[in-house]
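After this come two complexes, each holding chain A, first together with chain B and then together with chain C.
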Partner chain A sequence: MYKAVIIGGSAGSFQVVTKILASLPKNFNLPVFLCLHRLKHVRSGFVEALSIKSALPIVEPSDKDNIRAGRVYLAPANYHMYIELGNVFALSTEESVNHSRPSIDLSFFSAAYTYKNKLIGIILSGANKDGALGLRKVKEAGGLTVVQDPEECQVKTMPTASMAATKVDHVYSTDRIINLLKSLA
Partner chain B sequence: MEITPEEIKLFINTVRSVSEYDFKDYSERSFSRRLEKVLVDNKMTITALVAKVRKEKAFLEQVVKDITVNTTELFRDPKIWQALRFRVLPRFENQSIINIWHAGCSTGQEVYSMMILLNEMGMLDKANIFATDLNTDVLDVAKKGEYKFRFNIDYLDNFDKVIKENPYNYEDYRDVPYSKYFDLDKTKDTLKMKPLLTQKPLFRKQNLVKDGNIFYTKFDIILCRNVLIYFNHELQTQIFETFHQNLFSNGCLILGIHESMLGPVAAKYKRRGLVYFKK
Partner chain C sequence: MNNANGKQGLGIIDYRNILGAIQEFHNKDFSNYSFTPLKRRFEHVIDLHNMASPNDLVAKLRDDEAFFPVFLHEISIPETEMFRDPNAWRELRDGVLVLALRDPEFRIWLPEATSGEELFTLCIILEELKLLDKAKVLATSMSLKNLERIQKGVFSAKSLEVNMANYKRYKGNFKFEKYYTEAGNEIVMDPELVKHVEFQAHDLCRDEPPSKLKLVLLRNKLIYYNKRLEMDVLRNVQKGMLPGAYLVLGIQENLECCNADKRFVLVNKSESIYKKAFS
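Let's turn to the complex of A and B:
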């Protein structure tokens, strides 16, 4: 019944994301959107690093690319990534939001608008509050909201800010997040 | 605050009825986000905004400026500038004149990036530089060529990657001083382009959607980077057609690194890496 998964993370989320992607089966039939903050100088090589263990293809979308199930889309460095109506991406170079471009909030806002209650939003470890308002929007639109258990996070600011912004549905360990996603396949 | 599709339509129709601006074919989600930001910044409801836009021309102009995105950087994405340096510009080296159009130039950083590169290649004297934008405020900044320095500290890194270093040969390092092209004033926190650069380009107001090519010439290179991403597919196609008609037969178009050309119009161009050559 869900149509898409969107994941936001920042400091300390790279290993978690890698682990999640490694456990998703080849026949996973939803699109997965990843909006991760990265260091300014680590602009390339991110897709390759995430791809090593993933059974699903990982791509940085271009503007107006079609969204396809079973693919993982990573917000490109230095762009905001919007999920547009009509099953396409739109990119933007407008100002940073929460000191971030890509901004997790902006991606989550657009995904919530587009997928409404058919969206799963997940916030992982991270060092600022970007994503908190985005996750609230997912909740308001009727989607399922999940944060990585702050106890397990390398940096817990992002999940705790999200929990303060909205009543999240699940506070899960990485393993439980993985089980949830696998149950959708 | 979230505005409804009907409210967006009301705003767009109002603007279209009282001005030359038409946002009908903008990407829906990002346009909606920009409009929401304008409402928050002005502390207004959409109804109040529409009423004021209808009555006050100056306010309408301001809103249009705030909605359109004006971010740009010196040598943004060094990869594309390296491609220009090693793969694209050498093709035009033997021409006596080279015409370059920066469509949607914003505050001009890419115009100056290009001119610095041309000068290092000994091609600046024969280049005609045309630059356009919808927004006259950003054009004024572009003409001055003065930017915040520390906020844009990456500019120096990008300069090094494109101008000093050679990605194909690490021993080929050219120690070009920044002061050849701009003055850094650390107390005023400014980076100011030298007159050598600022006196040359022709900056003009132009509406890419309505005006087409406003110069009486065709171009060897058109740069339009991260401008068309705010338009929907149909409008993008229209602009790609316009560019195609206004390129010389061996001319090329440079887009942002995450922009693509989709649909039948793509057949009119031959893609080489990040560069689209006219077929």
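Let's turn to the complex of A and C:
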């Protein structure tokens, strides 16, 4: 019944994301949006690093690209990434939010607006509160909300902030997040 | 605007009412802008003026004649950094701007300039190529207030660090310090840089383009339009360009959705530089 997965992460999330992507089967048939804090001026290398163990293709969308199932979309450096009605991306160079561009909150807001209760939102390890309000929006729109277990996080500020902002549905270890996603395929 | 304050965002009905008021009282059509960024811009204006509800914005658009120029300025999305994507500017310099050295009529257009980072970047490059008083640069915006702000050349000192780092990555000829003076929390760019620039009110979505253009710098502007408007705008822009003229988009923009008739030829994929076809 879910139509998309959106994942936000910052400090300490890279290995978790890599592990999740490595576990998703080739026939995973939802789009996966990744909004990860990254250096603004470094354009290349991130997709390549994430791709090494992923069975699914990973791309940084260009503005107005169509969203396709079974692909992983990484928010490009120095742009906010919106998921718009009509199954397309919109990129934006608006001001940073929570000192971040891309901002996890903004990506989550737009995905919640577009997918409503058909969205799974996941917040991983990270060192600021970006994503907390975004995850709350996912919850308010009826979507499923998950945070990585703070006990397992390298930096737990981000999941903790999300848990303070909304009553999240699941506090999961990386392995349980993976099981949840695999059960959707 | 800098914090996503988690307030209940603007609903679709409110959004449409605001679009309707702009159309009805000011004869401008924003209905083909990208939804999320424009919605956030309306929310930003409502916040700035401490309005209690979106209806207050509709009322102000209807009743307060002096407000609309302010509104156009406030919904403009500022440019981010000078020398944003340093590599793109370097390619632009080496592949395109050097052509102006041999061309007495090198006309460059920056449509919908909002806060000046792109213009000052261009002018610094022209200065270093010794082209500043030779190239013809035209900066336009639908908001006169945007142009006034740009002409003042005042930027937050907070932007310095990133601008200087970008300039270094671009590998400019000098030190960035050469181009500004500090005044408290602000920096003032050298006014000589934009002395020859022509500033003009112009609505990219509606007005005829300037003519005989050799280069159009349109980085990260089309992202705020939907596909249909993007297509209309490009068709229009293209009319002002000479055959072989260059069109530069933002690095995450491309013409895939609206270049079916091959009016533009891709010259540099990673930096999104195009050329108008000769036939």
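What we mean here is this: the second predicted complex is superposed on the first by the 181 of 185 C-alpha atoms of A that agree within 3 Å, B and C clash if a C-alpha of one lies under 4 Å from a C-alpha of the other, contacts with A are read in each partner's own complex, and residues count from 1 in each chain.
Note that a residue touches a chain if its C-beta (ideal position, glycine included) is under 8 Å from a C-beta of that chain, and two chains touch if they have at least 3 such contacts.
Note that the structure is a prediction, hence the values are computed from the model and not measured.
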{"item": "Clash or fit (per the criteria above) of chain B with chain C on chain A", "value": "clash"}
{"item": "First, second, both or neither for A:Ser62, with chain B first and chain C second", "value": "both"}
{"item": "Which of chain B and chain C A:Glu94 touches, first, second, both or neither", "value": "both"}
{"item": "Which superposed partner A:Tyr172 touches (first chain B, second chain C, both, neither)", "value": "neither"}
{"item": "Touched chain A residues, chain B compared with chain C", "value": "C"}
{"item": "Partner chain in contact with A:Phe28 - chain B first, chain C second, else both or neither", "value": "neither"}
{"item": "Shared chain A surface residues [contacts with chain B and with chain C]", "value": "40, 60-64, 76, 78-79, 82, 84-85, 88, 90-95, 106, 109-110, 113"}
{"item": "Of chain C, residues touching chain A in the complex", "value": "1-4, 6, 9, 34-37, 40, 77-80, 84-86, 162, 165-166, 169, 220, 222-224, 227, 230, 250-254, 256-257"}
{"item": "Residues of chain A that touch chain B when the two form their complex", "value": "40, 60-65, 76, 78-80, 82-85, 88, 90-95, 106, 109-110, 113-114"}
{"item": "Interface residues, chain B side, partner chain A - complex", "value": "2, 27-30, 33-34, 69, 71, 76-77, 154, 226, 228-230, 233, 236, 256-260, 262"}
{"item": "For the chain A and chain C complex, residues of the former touching the latter", "value": "40-41, 43, 60-64, 76, 78-79, 82, 84-85, 88, 90-98, 101, 103, 105-106, 109-110, 113, 133-134, 136, 165"}
